[in-house]
Amino acid sequence: MSWLGPEEWQAVALSLKVSFWATLVALPLGTLTAYVLARHSFPGKQALNALVHLPLIMPPVVTGYLLLLTFGTRGALGSFLQEWGLVFAFRWTGAALAAGVMAFPLMVRAIRLSIEAVDPKLEQAAATLGASRLWVFVTVTLPLILPGILAGTVLAFAKAMGEFGATITFVSNIPGETRTLPTAIYGFLQVPGGEGAALRLVVISVVIAVGALLLSEFLAHRAARRVAGA
Amino acid sequence: MSWLGPEEWQAVALSLKVSFWATLVALPLGTLTAYVLARHSFPGKQALNALVHLPLIMPPVVTGYLLLLTFGTRGALGSFLQEWGLVFAFRWTGAALAAGVMAFPLMVRAIRLSIEAVDPKLEQAAATLGASRLWVFVTVTLPLILPGILAGTVLAFAKAMGEFGATITFVSNIPGETRTLPTAIYGFLQVPGGEGAALRLVVISVVIAVGALLLSEFLAHRAARRVAGA
Amino acid sequence: QITVFAAASLKESLEQIAASYERQTSDQVRLSMAGSSTLARQIEQGAPADIYLSANPDWMDWLQDRGLIDAATRVDLLRNRLVLIAPTRPRIKGLDFGDGRIAMALVDAVPAGIYGKAALETLGEWPALQSRVVQTDNVRAALALVALGEAPRGIVYQTDALAEPRVQVLAEFPADSHPPIIYPAAIVAGRDSPASQRFMAYLLSDQARAIFGAAGFAVMQADR
Amino acid sequence: MSLSVRLSHRLPDFDLDIRFDAPPGLTVLFGQSGSGKTTVVNAVSGLLRPDSGRISVENRVLVDTENRVWLPPHRRKLGYIFQEGRLFPHLTVKQNLLYGRWFARAGGPAEDPDKVIDLLGIGALLDRRPGSLSGGEKQRVAIGRALLAHPQLILADEPLSALDEPRKAELMPYFERLRDEFTIPILYVSHSATEVARLATTVIAIDRGRVRHQGPAAEVLGDPGFRPQGSRSIGAILQAKVARHHDDGLTELDAGGASLFLPHIARDPGQPVRVRITAHDVVLATTEPVGLSALNILSGTVRDIRTGDGPGAIVSVDTRAGRILARVTRRSITALNLSVGQPCYAVIKSVAVAPEDIGKG
Amino acid sequence: MSLSVRLSHRLPDFDLDIRFDAPPGLTVLFGQSGSGKTTVVNAVSGLLRPDSGRISVENRVLVDTENRVWLPPHRRKLGYIFQEGRLFPHLTVKQNLLYGRWFARAGGPAEDPDKVIDLLGIGALLDRRPGSLSGGEKQRVAIGRALLAHPQLILADEPLSALDEPRKAELMPYFERLRDEFTIPILYVSHSATEVARLATTVIAIDRGRVRHQGPAAEVLGDPGFRPQGSRSIGAILQAKVARHHDDGLTELDAGGASLFLPHIARDPGQPVRVRITAHDVVLATTEPVGLSALNILSGTVRDIRTGDGPGAIVSVDTRAGRILARVTRRSITALNLSVGQPCYAVIKSVAVAPEDIGKG
């Protein structure tokens, strides 16, 4: 498309990369967290639950600031992880982290709701047939919560595509490294006459996210039809 | 608490009011939308689905801007509604609208997942006992999706408490009218030395939202225990 | 009652001014603080603003072009200066860009960033420094990056640098290295009332100037 | 005809094409697992929309695809006892039971809930929720829920299969009462020959989606050629009247002039009863037996002898009480030299007639 | 003892306190709805953690609260047929059937899936998902799933209740084979006297959470004082050997020297069988009857006469074949002047012995 400059394409590509990785890494963690919250009770459970929801509650800037304090080069965890070669500050990885953190509560909620809807009697049946807890999860729980996983994934992906406040606060806006679609859009909106360019980018990001949404609907529909038994 | 000035208390009260109304109005609409998306298929269904997700996908500033264009005093819908005495622009009602719109996809997703998990056989059983479609919904579906409704409500409320970008873009940051907690936090972060005050407000908003979260967990837990049969 | 839409960076000073103004008159002042662009668009959409106070002339021009402000009332209220900052330790002096990241506001979008980029271009440093620049959505975030030590250098307004004890000012950019940093104010079209005029006048009063000055702004002469 | 069903519907791998007309009373759908019984019931209930067909109950047309008539399930005035319970998990047992009443409609028997609860033995469960009930308890609540909905048509899909014998024996008279006193049409799916024999007015035997036998219960069950459920279900149904109750606990019946002694039947003298005499419980004798513990010895004439591949044979004997079927071995036929037209005696023990096999006339 | 259960557990409104020891073979839990059968089975399976107790199977301790032993369900090597199916809705029938194999353990009979599928008649359903199966089809898949899991202990909670008689008749020999050939301990819940009589090695009758009767099947079922399921379940179990197959389709059994003629039994001469003669199928005679279609007439001596409140009585007769119970009316006892010690004849029709009531010895 000729109406997008190379810088914009770069932002599109970066946003895709960031959202993809944010979603991918959040998925197993989110599933685990959702499972633990849905099926276990332990001291500190509600604290974990609140922690997961924090990014939703706080203004994104605050979340970004806290990420900066924690995962920045001077941050407690950041300096520790840096020794392991894992750098977030001013890197696209940091953008992915911010997007992942912001998307996490949405993902966990969706998956948790699905897990709570699984009939424990089926899991018990699997156990009597010799499946250990892990196998029960993999062969029974997981396939049954597929709709929730899909919903959580698409919510997280959409959120990651749209995340702006925490990302720019945490990793700034470096073209080619952390300049995602939303920060580019924000930039265009700050200058008079930038609306046109902003609109183009909004359309692109909507098209991508809606595409992901439709794909997830299609997959969920297929899974549901199979379970209903056709 | 003496460490909050009257302006801050005003912001707290306003945020509560805005979030409460945003959630309250979104609830029936969100439930209806979720039901339609979960149980019906019609042309344009995926368009509706995409529309619901838009606020999640687009950067909040864009959503706020679109709200401004649509519901502002000069906006197409805004000027129409104004004749009916419904003014959103630069009013707390507008803040509630922005918060509601931003929270809507989260609420719809949660409720929809729950509806999809309800066994249609139970709804059929209710129909054979004489319940019309509406009654089936009220007496069977609704009580069974209570966990989803609670999850959707608390997600929406938390999101509304934290919503900033769309709100400030749509209704500005007018004390007593549209200055919610997040916009107040933003204001403090824009001036030197405001971090302390910002932090206090963050703590308040976290306390409120976590309180709502714990309440919802407690209610969901009770509902679940009752269904499991004690 | 009058409503003032003002750039968020003016929050503290304006709140003090409004307070003292309210003490002196029976008028009530409401301050709505947000980004200049946000406010300008809201005024375009009929926001109930009486006075607009922008952090840069561009958005004021944008409104003026659309006839949305009362051009006759427009004044350049304040000036600011651009400085290079670093964390307080180690102590350095001079226009030393060091190595590592340089935190700035968005160089194509946010005024502080635009001015900063212009200054660096004038000084011929931009090509060399460009790749080291990290951009934030507002100048306060750039300041925070330096204060936290995440970025070893930053370019911010003097007003911001003065109030942050964790940073030191290395140098001030020459005033001619960038377009003048001007905060214009004007009464919104159709909002011209005795009350708006009274407050506009108060903004230019000595009392107000003293408050702005204490915050680090350079006060313009009311010569237009 | 009270219940008229024309139904054709295709499912992947299964093809249903059913037509039957049943008079008022209880119609049993009989057939092996997977033969399409539940599918038929679902079509009558409106939960399944058949590809084509017409179903009417006492002149109410429930569905008629040709004339585009479609009554939605909630307007069919049903009491549907599902094969799998389907209790509402969020409601207490009591709320489940009274659910149908909330939508109470005119007509249909207004059963007293306390009586039904008592009959089903679920009085202690009222405040519980279905999640913690045992299998049979769930089944009983499901029965109660359907019966208390003021139904004008009862659909019962294997309602008693999860229950123990004494409980079954308690519930069968209840269905008889619905059939006889309230004259509600009942469509009843069952695998049990006892239930069929006792309750059925009409039997519809289906097999792989098609009706194989249909007719009055006495006819279908008395037909020696009908044995879809194993030979045990063959038997004759005799119409009789209560003649007298004896002090030793026996009830004397008058069956077409012949006396039959059975264990006490709780019905007043003069009332009609019907008695199922299963063929394998009848002993034949060529000379009048003496010194036997069996109290009922009916003289008659051999009407028909049918032998199959097996060692057994079905002998029909016409007696004053009606036609009686006896299942004997071919060896006995040879030994006794039985032939059509020959006089003989049918020996029936009083106690061999199971209490479940005695029903209201 | 193969299966040893000591169990006490409190539920709201229900208090379970069960202790029994069962020898190898098939142990039937018998009792009315809500008596605690499923709760016991769940404790054995590990799905319920009892408040206190000890359960062991063939010296494997599954749980011992005192010594803090707890084997989780997936290590108990079970094949649990649930009362309510519990098929995996996301897997095909085939995947459901083979689920247990994925976790295949050493030991337990490695049944050929094709054979089990064939026996259950579910070959045509393999690619379907449980959602679209009929009630009985689901039940059959659930049985197959448990049997194919290489179990070392089978728990069957009313496995046959949703099935029709012919299918039941086909499946019962299969459980016999598991019991006899593979010697897998089986804990089996049933409401059906036929199943109990045919399959049970040991009967545990429970009532409101307590064991009321326990012992070998022949003993418990032959005890005239035991009639929890209505009088039909009383009967004697005779041990016999196949003597000969006759051309006319009858099989002659040798029961302690006496001959019994029954419809063909598919077992080789010399093999042991056990036959349940229900008390209400036996006719007593004081003089040797002649000209009767009944082929089996055993002479013996009245051992015991028990009368109750009803019109009936149970007469125990010692014959060469073993003790036989006869249910007759008190009127007959008076008429025949029966008394203890008196010689008499027990008349048993060949065909009165239901095929379901004949099992492997």
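Which chain is which? They are A, B, C, D and E, in the order written, and residues in each are numbered from 1.
Heads up, the rule we're going with is that contacts are C-beta pairs under 8 Å (C-beta built on N, C-alpha and C of every residue); 3 or more make two chains touch, one makes a residue touch a chain.
On a predicted model such as this, the values are computed, not experimentally measured, just so you know.
Undergrad: With a step meaning a move to a chain it touches, how many steps does the shortest path from subunit C to subunit D take?
TA: The distance in steps between these two chains is 2.
Undergrad: Using the contact definition stated above, find the chains touching both subunit D and subunit E.
TA: Neighbours common to subunit D and subunit E are absent.
Undergrad: How many angstrom lie between the CA centroids of subunit A and subunit E, rounded to a whole number?
TA: Each chain's C-alpha centroid was found; their separation is 57 Å.
Undergrad: Measure off the straight-line distance from the CA centroid of subunit A to the CA centroid of subunit C, and report it in whole Å.
TA: Those two chain centres are 36 Å apart.
Undergrad: When the C-alpha atoms of subunit A and subunit D are each averaged to a single point, how far apart are the two points in Å?
TA: The separation of the two C-alpha centroids amounts to 60 Å.
Undergrad: Round to the nearest whole Å and give the separation of the Cα centres of subunit A and subunit B.
TA: Spacing between the chain centres: roughly 20 Å.
Undergrad: Any chance you could list the residues of subunit D touching two or more other chains?
TA: Residues 12, 84, 128, 132.
Undergrad: Can you list the residues of subunit A that touch 2 or more other chains?
TA: 61, 164-165, 186, 189, 230
Undergrad: Write out all the pairs of touching chains, ordered by chain label.
TA: A-B, A-C, A-E, B-C, B-D, D-E
Undergrad: Along subunit E, where are the residues that touch subunit A in the complex?
TA: Interface residues on the subunit E side: 45-47, 72-80, 82, 84, 86, 88-91, 99-100, 102-105, 128-133, 145-146, 149, 155.
Undergrad: With touch defined as at the start, can you tell me which subunit A residues reach subunit C in the complex?
TA: Where subunit A meets subunit C, its residues are 61, 65, 68-69, 72-74, 89-90, 164-165, 168-169, 171-174, 178, 183, 186-194.
Undergrad: Within their complex, state which residues of subunit A touch subunit E.
TA: Residues 121-122, 124-133, 135-136, 139-140, 143-144, 223, 226-230 of subunit A touch subunit E in their complex.
Undergrad: Which bits of subunit B are touching subunit A when the two form their complex?
TA: Those residues of subunit B that touch subunit A are 46, 49-50, 53-54, 56-62, 65, 105-106, 109-110, 112-114, 116-117, 147-148, 151, 155, 158-159, 161-162, 164-165, 182, 185-186, 189, 198, 202, 205-206, 209-210, 213-214, 217, 224.
Undergrad: Contact residues on subunit E for subunit D in the complex?
TA: For subunit E paired with subunit D, touching residues are 11-13, 31-34, 37-38, 83-84, 124, 128, 132, 134-137, 139-140, 157-158, 161-167, 169, 191, 193, 228-233, 246, 248-250, 261, 263-264, 280-281, 283-287, 289-295, 310-312, 326-334, 336, 338, 347, 349-352, 354-355.
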